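Multiple structures are listed underneath, in structure tokens.
Presented sequentially are two complexes of chain A, the first with chain B as partner and the second with chain C.
Then we have the complex of A and B:
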């Protein structure tokens, strides 16, 4: 099956300021991509350019085989998007807002929305202006799911959700991803959610993709090593991040770990080596220090 | 049934593989026992379904699980013995390293640790006998 999203050498500048550069990525059917990055790293701009909300300054990006900035209506209805700032109409009730959006989509799944409203404890008769930020966020997510989009893109969807609503959200995304021909791209600062759901990770740093690939591959290639009783003069046989020495012990993060590296260390240091796997949060922090 | 910790540095599919292997070795999952569906397990733990199916496929390739059309996966009736005792013992290496380190920090002798280990072992044996009703 054809990739849903293909970006090649994609870049974006606002005037002289370069906010995205050298981006090459694809999103395949079935992918769940977790986008991580510090505030201001360029996550939101990346998602917006990917979907064609603003033109690229450099390179190209296509969705469903069409240039993103010139997507046909037929392609747009296959996309669901949850922006960081919702675009709900304050005077409407939730019910009227749902009806307004549903009218655009012939394939609107009303029973799904009804079921989710119940599960997520959303009162359809409440006016949007009197809703909490969290309730608005839930509604915004629902509205992006009602037409069962093939490509669901969410920018910080859970920032305002309580732990229970977040869990409901995660379960719903699992349901979506159980259908093989759908793909999800979501950015989040809640690394543990990304860790649960994502099959692929994009780490955005200073407008570039610092790391992209499978979550399992990331966890297997970034590890912390500890070497007991390493002599002060003894150096690692390869480049490593954050090498610290205290009381004769050496600790370092290696971002391209492999069996060959392990073997090289074993032959140099013998049994005194410990390899500690890192959580995604630790990996994210290590790559940013 | 399983404990999956997404926060751990160990990939979730590996945690699941490890636990299924242990439960088969320990008799909690006897031959023919059905495993939860990919979808149920994914929703229960709120993890990506592909992670679960990756683990199941690996275990199938190892000959521990069998796939059936339209039915849950089951524990293979005669799991292929994959490795000799020394190789299986190798799989315990990191746990043994941790145990030795903790025992040394606590200033325990090997004799004391081995005695405790033997008692744990016998308690586990008794547990399996209770569950399976076998010898």
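Then we have the complex of A and C:
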């Protein structure tokens, strides 16, 4: 099946400031992509260029085979988007807001919205201006899901949700992607959520994709090694992301971990080596040190 | 069409107090039409029809804000034909709101006005007069009304979207055209062409379409071509008291001086005392209207001072008096200058100065009394106040109206101002900032 999103040599500059550079990526049907990055790394810009809100400065990105900056109405119907800041109409009730957006889609799934409203304890008769930030975020997510989009893009969707709502949201995303041919791309600072949900990870660092690939592959690639009784002058035979020494022990976080590297270390340090897998949060922190 | 109809429903009926205003407007207009058709007393129905039109217009007052917010949202870019449908809904709203006035106008002329007078003005026979009224005259009026509605919606957009001097200038310049155009293009005169008002309407809508549909793409392509536009900030420091800064009332002289621009432009086109009083009353109302956000903005003051709610009201009231005072003082000076320049009658100043002072202060206290957002009562009071001020302006400009009668009405407006102040004091004493959030 054709990839939903294909980006080649994608870059974006605002005047002299380069925000994104040389990005190549794809989003396939069934992917759940978690986008991680520090504040200002370029996550939001990346998602916005991907959906055609803003043109790329160079390179190209296509969604459903069309250039994202000129998406047709037929392609737009297949996309759902939750922006970082909600764009709800404050004077309306949630029900009126839902009805307004629903009118644009021929395939709006009203029973799904009704069911999710009950599950997420959202009162549709409440006026948006009197809703809390978390309730508004829930409503924004519902609006993006109501037409059962093939590609759901969420920019920090759970930032204001309480733990219960976050868990329900994650369950819902799992349910959505369980249906064939759906794809989800979401950015978040809550790494544990990304770890629980994403099948693929993009780590954006200084405008570039520092890592993209499967979560398992990432965890196998970035590990912590501990070497007992390593001499003070002894160095690793390859570059490490982070090295600490204490009481004769050496601890290092390395990327590009492989059997060959393991073998190289074993030949240098013998059996005194331990390899410890890292959580996604530890990997993220190590990559940003 | 379904999304467009849904948007229309949203503009007219989704907000309770606007829903009642819209329905009241429709009911009043239907009543006016029936009254004209069966009882045939145009002068008795005039006030009713104007009130209905105002109610219908203000019933859709949130339309510009909603269209602006929707059209510029990222969501609209992903909705199928999103911006085009939003734009169409705005156009249809304008078409609906502009419809009753020409219809009532034609009914009044067809059923009520003395036929001989009309025929003399028209210099034609009865049949062709009827034909003229139901075709050319109706369309002239309709096109001009549609353009006026469009312009007033744009004024509402600027007034609610841009709160600085630039927004005020734009809001006050457009009414000059709104006052200037209709008398020139709507007359019972078969030689008048529809081409000019139609061109004006089309040009205005072309600009709106360009702004909403094409500008985001043009701006994006310009960014792609020339790189981003870096925003610049003023290097000048803001020197003002903390209260003024928090209430966004610093540099009141800028607002006061800025008023001279639209008044100078208006002096080139407007000569009629009634139009001038009407126009200057709008300035007075706008000068006081900034107080509508006072309760919400004062939240920060509460945390930064040891004043209780009553004392806080006194400080806020004082700050608004200073700010509004600058604007009203400049406005009266400009009014005297205009009166001298155009040689307006003395009663123009005699009745006009208190009217402007009262419109500014009444609106200011109405704004200060809005401590829970705009509720139905506040909206009705605002519309009633605006109608009252405009009616007094029109009455005061008439030579036949005794000055004593004007003074009496203005005294009643002064009493209303005191009542609104008392209401504001009472509401501020129990001010709940959690229900007047930004």
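Simple rule for what comes next: the second predicted complex is superposed on the first by the 289 of 289 C-alpha atoms of A that agree within 3 Å, B and C clash if a C-alpha of one lies under 4 Å from a C-alpha of the other, contacts with A are read in each partner's own complex, and residues count from 1 in each chain.
Throughout what follows, a contact is a pair of C-beta atoms (placed from the backbone, for glycine too) under 8 Å apart; a residue touches a chain by one contact, two chains touch by 3 or more.
Just so it is clear, the structure is predicted and the values come from calculations on it, not from any experiment.
A.B. asks: Report clash or fit for the pair chain B and chain C bound to chain A in the combined superposed model.
C.D. replies: Taken together on chain A, chain C would fit alongside chain B, as the superposition shows.
A.B. asks: Applying the document's definition of touch, where does A:223 land relative to chain B and chain C: first, second, both, or neither?
C.D. replies: Only chain B; A:223 stays clear of chain C.
A.B. asks: In the overlay, work out which of chain B or chain C sits against more residues of chain A.
C.D. replies: Counted on chain A, the partner with more touching residues turns out to be C.
A.B. asks: In the overlaid three-chain picture, which partner chain does A:57 touch, first (chain B) or second (chain C), both, or neither?
C.D. replies: Touch partner of A:57: chain C, not chain B.
A.B. asks: Once the shared chain is lined up, is A:276 touching chain B (first), chain C (second), both, or neither of them?
C.D. replies: first
A.B. asks: Is A:1 in contact with chain B, with chain C, with both, or with neither (first, second, both, neither)?
C.D. replies: neither
A.B. asks: Quick one: classify A:192 as touching chain B (first), chain C (second), both or neither.
C.D. replies: A:192 contacts chain B only, not chain C.
A.B. asks: Looking at the overlay, does A:247 come into contact with chain B only (first), chain C only (second), both, or neither?
C.D. replies: neither
A.B. asks: Between chain B and chain C, whom does A:167 touch in the aligned arrangement: first, second, both, or neither?
C.D. replies: First partner only.
A.B. asks: Using only C-alpha atoms, work out how near chain B sits to chain C after the chain A superposition, in angstrom.
C.D. replies: Result, nearest C-alpha distance in the overlay: 27 Å.
A.B. asks: Hey, which residues of chain A end up touching chain B in the complex?
C.D. replies: Residues of chain A touching chain B: 30, 32, 167, 170-171, 174-175, 177-178, 192, 195-199, 215-216, 219-220, 223, 274, 276-279, 281-282.
A.B. asks: Where on chain C is chain A touching in the complex?
C.D. replies: Going by the criterion above, the answer is residues 2-3, 5-7, 10, 14-15, 62, 66, 69-70, 73-75, 77-82, 85, 220-221, 223-224, 227-230, 373, 435, 437.
A.B. asks: Enumerate the contact residues on chain A facing chain C in the complex.
C.D. replies: 13-17, 48, 51-57, 69, 71, 73-74, 76-77, 79, 81, 83, 87, 89, 91-93, 96, 99-101, 103-105, 129-130, 143
A.B. asks: Within the complex, which stretch of chain B touches chain A?
C.D. replies: For chain B paired with chain A, touching residues are 6-14, 38-39, 42-43, 45-51, 54, 97.
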